[in-house]
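Look for subunit A in each of the two complexes below; its partner is subunit B in the first and subunit C in the second.
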Partner chain A sequence: MSGKYKEVAYYPGCALEGTAQSYDRSTKALGKALGLKTVELDNWNCCGAMEVKNIDPKIQTYLSARNLSIAEDMGFDTVMAPCNGCYHNLKKAEYDLENDTSSKEVNERLSSKAGHKTYEPGKVETIHALDWIKQSVGEEGLKEKVKNSLEGLKIANYYGCMYTRPRHIFPEKDKGEGSESTLKPHFMDDLLEAAGAENVEYPLKTACCGGAHALSDSDTSTRLVLNLIETAEACGADVIATECPTCHTGLEMHQIRAEKVLGRKTNVKILYFTQLLGLAMGLSPKAVGVHENFSDAMPLLKEKGLA
Partner chain B sequence: MPIHEKSLIRPENLIEQEELVIDGIDVSGHWSTFIKPRAVTDYNETMQDEIEALAGAENINRCWQCGSCTNACTVNALNPDFNPRYWIYLIRLGMEEELLIDKDIIWQCVSCNKCTYACPRDVNPEGVMKATAHWLELKGHTEKKPSMIFDEEFSQQIFDTGKIEDGLVLRKFFAKTGQKLTQSWLVTMVVGLIRRLPITMLTRMGLSIVFRPRTRGWGKARDAINEYVHEKEAENRKNLGLDTTENGQ
Partner chain C sequence: MTKQSADIESILERLDEIKAMPKPEHTREARALSVEQLSHAEAILQAWVLAHDGVPTNERKEGFRLLALHRQGAKGIPSFNACRESCREIVFQHNVVAASDQEAEQESALRLMTMVVRHLALFVSGKLQVAGLGEFCCASKPLRQSSEIISAPQNL
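Showing the complex of A and B:
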């Protein structure tokens, strides 16, 4: 698989400019360390996250279509999104524009009124940051570049909802060996293992953190997150590795809220997979934004000889 | 006759006679539990059509009642009353009164899409939940729920500027729902970060108030989206037999 995706259009999305700056920083730093080139989408817009679809799903399709048309204008056939929400919405737009006539019509209408080219499905492939590393560098490539092995670090890999569901918007998944599984995803596990980490058997890889209602129904989110965290601890994990800014911030926020509101203190640390891989490539904690996380992982990283 | 599965029946629908003798035989208490007989006559015959017309619920008529959605549901695991299969059943039969018993929890769907993943009939139960919550609000059965306030605030920022600034979303949502920014957990989060990152954090917070992130040249997209949203709103209200001039038209 290696050789693909050496140069991709990069769609950071709003979260990576806001609460998830450490994900943006570590994604860029990791790409650089691995010799991969990313060019940020010029003048992109928000994908609509999980909210706009509840006002009207076709506007959400348009928002992603505009971003895809920018990638096309810039001459890219691949756009990489590290955020599950952005990734999911670009994928869903691709599917809806292909299969739903009325989504297509609304996109044509809004694109022409907004004064830009209407995106036609099939022009740009959307990939997640996991696909990007896995299929450009791969496990073997990573192993060669490890300077500071993650050996001794026990990791629960958490993928959340939007990376695998609903199945129909990810036609490339569940295609057997080498492809991602929607039931038991493993791309992040594969990469972290290549960097020396010990992945624990974690049964809640694709369980929900309640991110859509992190603020509007905090009690539900806190209970869901507490379950994710306590299960990770019961599985022996030191760290929960994440690949979605909404999940990541939700875990950090509700870990603190569970302690304050429910009196349930937990100790597992939450780090982006790009931060963990960056550390393994010999980057400093600062270079991958460990200090920008709400979850303070520095004492653990020092203990494990990674900082 | 004793009913062993009482947990399946709402307490208000159970009748237990403390002292009852029939044909000389004492059948009091446990041996004399009945399910209240009832005849449903107030079917709402348009409810399914109305909900089906809202975004997300287009495929509700495909449901086979297999229950895969409820079985997979994240929220059901926390609250057994949260039962998508049952609500779809009620909507399809037009049993509005029964549906209204759960009107204040339907909005709690977290959109994890486990139901959609599990559904063998492409019903898209997640979409049905959103459409039903929307229907309840439009019909005046519920007030605007926190998730809808959040969705509207969030979406309006995108429609206006093309982007989101998460600090602003949080501040505005808390203001609209009367929550304090000084809740202990929030303070702990921010203080922890400021201690490690004083200058960057403060600069970021300061800058985000002055320079809101926005997409350049967004004006035409903004107008096109707002025009479409208003059209859709009017169409939704018309489908529900509501006055289309209301709601900021």
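Showing the complex of A and C:
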């Protein structure tokens, strides 16, 4: 273990308190099993998500900056966000505060009005849960801790669209060996392989799941998700591993909808990568929230000796 | 349905035919089908450019018109970058089919390419489906918003 990121500020965001409780549960349980410490941000607020960003991106920048300011006040130089949307927005705020004078002014004005310290870029690093495990424990560290290998489990790793886009807000990516790739991300692949899983070649790792259209145009989302799922099955996957609560929920819900509306039944299971790693560390399905997923993976996990 | 989305629907039908081909035929025709699928991907992006009153480019980027069309289509529309990697994946699988002398590898790459072209078609047709939809990613207006407003009770 490198020691880097051994103790981080934890920003769950709204999704992990709602539809993605199993992601929250499994992230915390996995961290504990790996000897990592997370301290939840005090009085955190929404990152600005999609809604605020669409109305006024500078207010979104402020909202994310406030969370970074809280992390700094709590004495942390790193905040870990498992949600792709939160991760993306905190990184974007960092970039905007560094590069856009107007965003900086709005942040200063609103911070002053709200009565808290103005966040200055460069004080707190935002990382994803994938960075957290990869950089703190790494593949070798994981291998040492595996109690229940994922051997025999074929996985399609699906990263979604916000983990790597837009590229300019992720300056640490695409830096060669050891860094994440925006074209073909591999951190999740690396970690799950270390836990014994067999990753299949999956050509739609960062393709759109239609998450933004989940409610306004469900048919578009269903068709996109069905293609993601059918492609995973065509690649031989038993499971699609996810690391974004919006993608995860979309995949689960539209898998059900595709069967109801289009009559297309698929069998691949949807699990968070933290759930899979937690199982590999010997945690029970309940401890990593498998029962909280819509996608019923229990028969598969039993068949593979993971439950 | 716009003309562009109708064109994409016909591409989707053709992709289904390719997917359903028996393995021997699929393998035998791998190179020709790969070229055909690349042209379908270009046609999809061409539809997007035309729908935005542009003139589809004939330029090439890194040797491929598809990548130049993507760059053209994404100009001023950052959310269109959500299909950038799909375009690059299509080019990659096309190159695998062209370069490989292993039938199994060609066949596998062709099947993956079909799924990615299909995803590109679904993504772009979703964006084209309703005029005035707004930004697809994370800012889409409800599809039937205007009709709902019109039909709302007058006393509200």
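Going forward, the second predicted complex is superposed on the first by the 306 of 307 C-alpha atoms of A that agree within 3 Å, B and C clash if a C-alpha of one lies under 4 Å from a C-alpha of the other, contacts with A are read in each partner's own complex, and residues count from 1 in each chain.
Operating definition for what follows: contacts are C-beta pairs under 8 Å (C-beta built on N, C-alpha and C of every residue); 3 or more make two chains touch, one makes a residue touch a chain.
Source: prediction; values computed, not measured.
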Superposed partners subunit B and subunit C on subunit A - clash or fit: clash
Partner chain in contact with A:M50 - subunit B first, subunit C second, else both or neither: both
First, second, both or neither for A:K286, with subunit B first and subunit C second: neither
Which superposed partner A:K175 touches (first subunit B, second subunit C, both, neither): neither
Subunit B versus subunit C as contact partner of A:L228, first or second or both or neither: second
Contacts of A:P166 with subunit B and subunit C, given as first, second, both or neither: both
Which of subunit B and subunit C A:K37 touches, first, second, both or neither: neither
Subunit A residues touched - subunit C or subunit B, whichever exceeds: B
Partner chain(s) touched by A:T220 [first = subunit B, second = subunit C, both, neither]: both
Contacts of A:L204 with subunit B and subunit C, given as first, second, both or neither: second
Footprint overlap on subunit A, comparing subunit B with subunit C: 50, 53-54, 161, 165-166, 207-208, 210-213, 215-217, 220, 223-224
Residues of subunit A that touch subunit B when the two form their complex: 14-15, 17-19, 21, 43-46, 48-59, 62-63, 66, 106, 109-110, 113-115, 161-162, 164-167, 182, 207-208, 210-213, 215-217, 220-221, 223-224, 252-253, 256-257, 259-261, 291-292, 294, 296
Residue ranges of subunit C in contact with subunit A within the complex: 78, 81-83, 85-86, 88-89, 93, 111-113, 115-116, 118-119, 122-123, 126, 129-130, 135-143
Subunit B - residues contacting subunit A, complex: 55-56, 74-75, 78, 108, 110-114, 116-117, 124, 127, 130, 134, 145-152, 154-155, 158-159, 162-167, 170, 173-174, 177, 184-185, 188-189, 192-193, 196-197, 200, 204, 208, 213, 215-218, 220-221, 223-225, 227-229, 232
Subunit C contact footprint on subunit A (complex, rising order): 50, 53-54, 161, 165-166, 183-184, 201, 203-208, 210-213, 215-217, 220, 223-224, 227-228, 230-231, 234-235
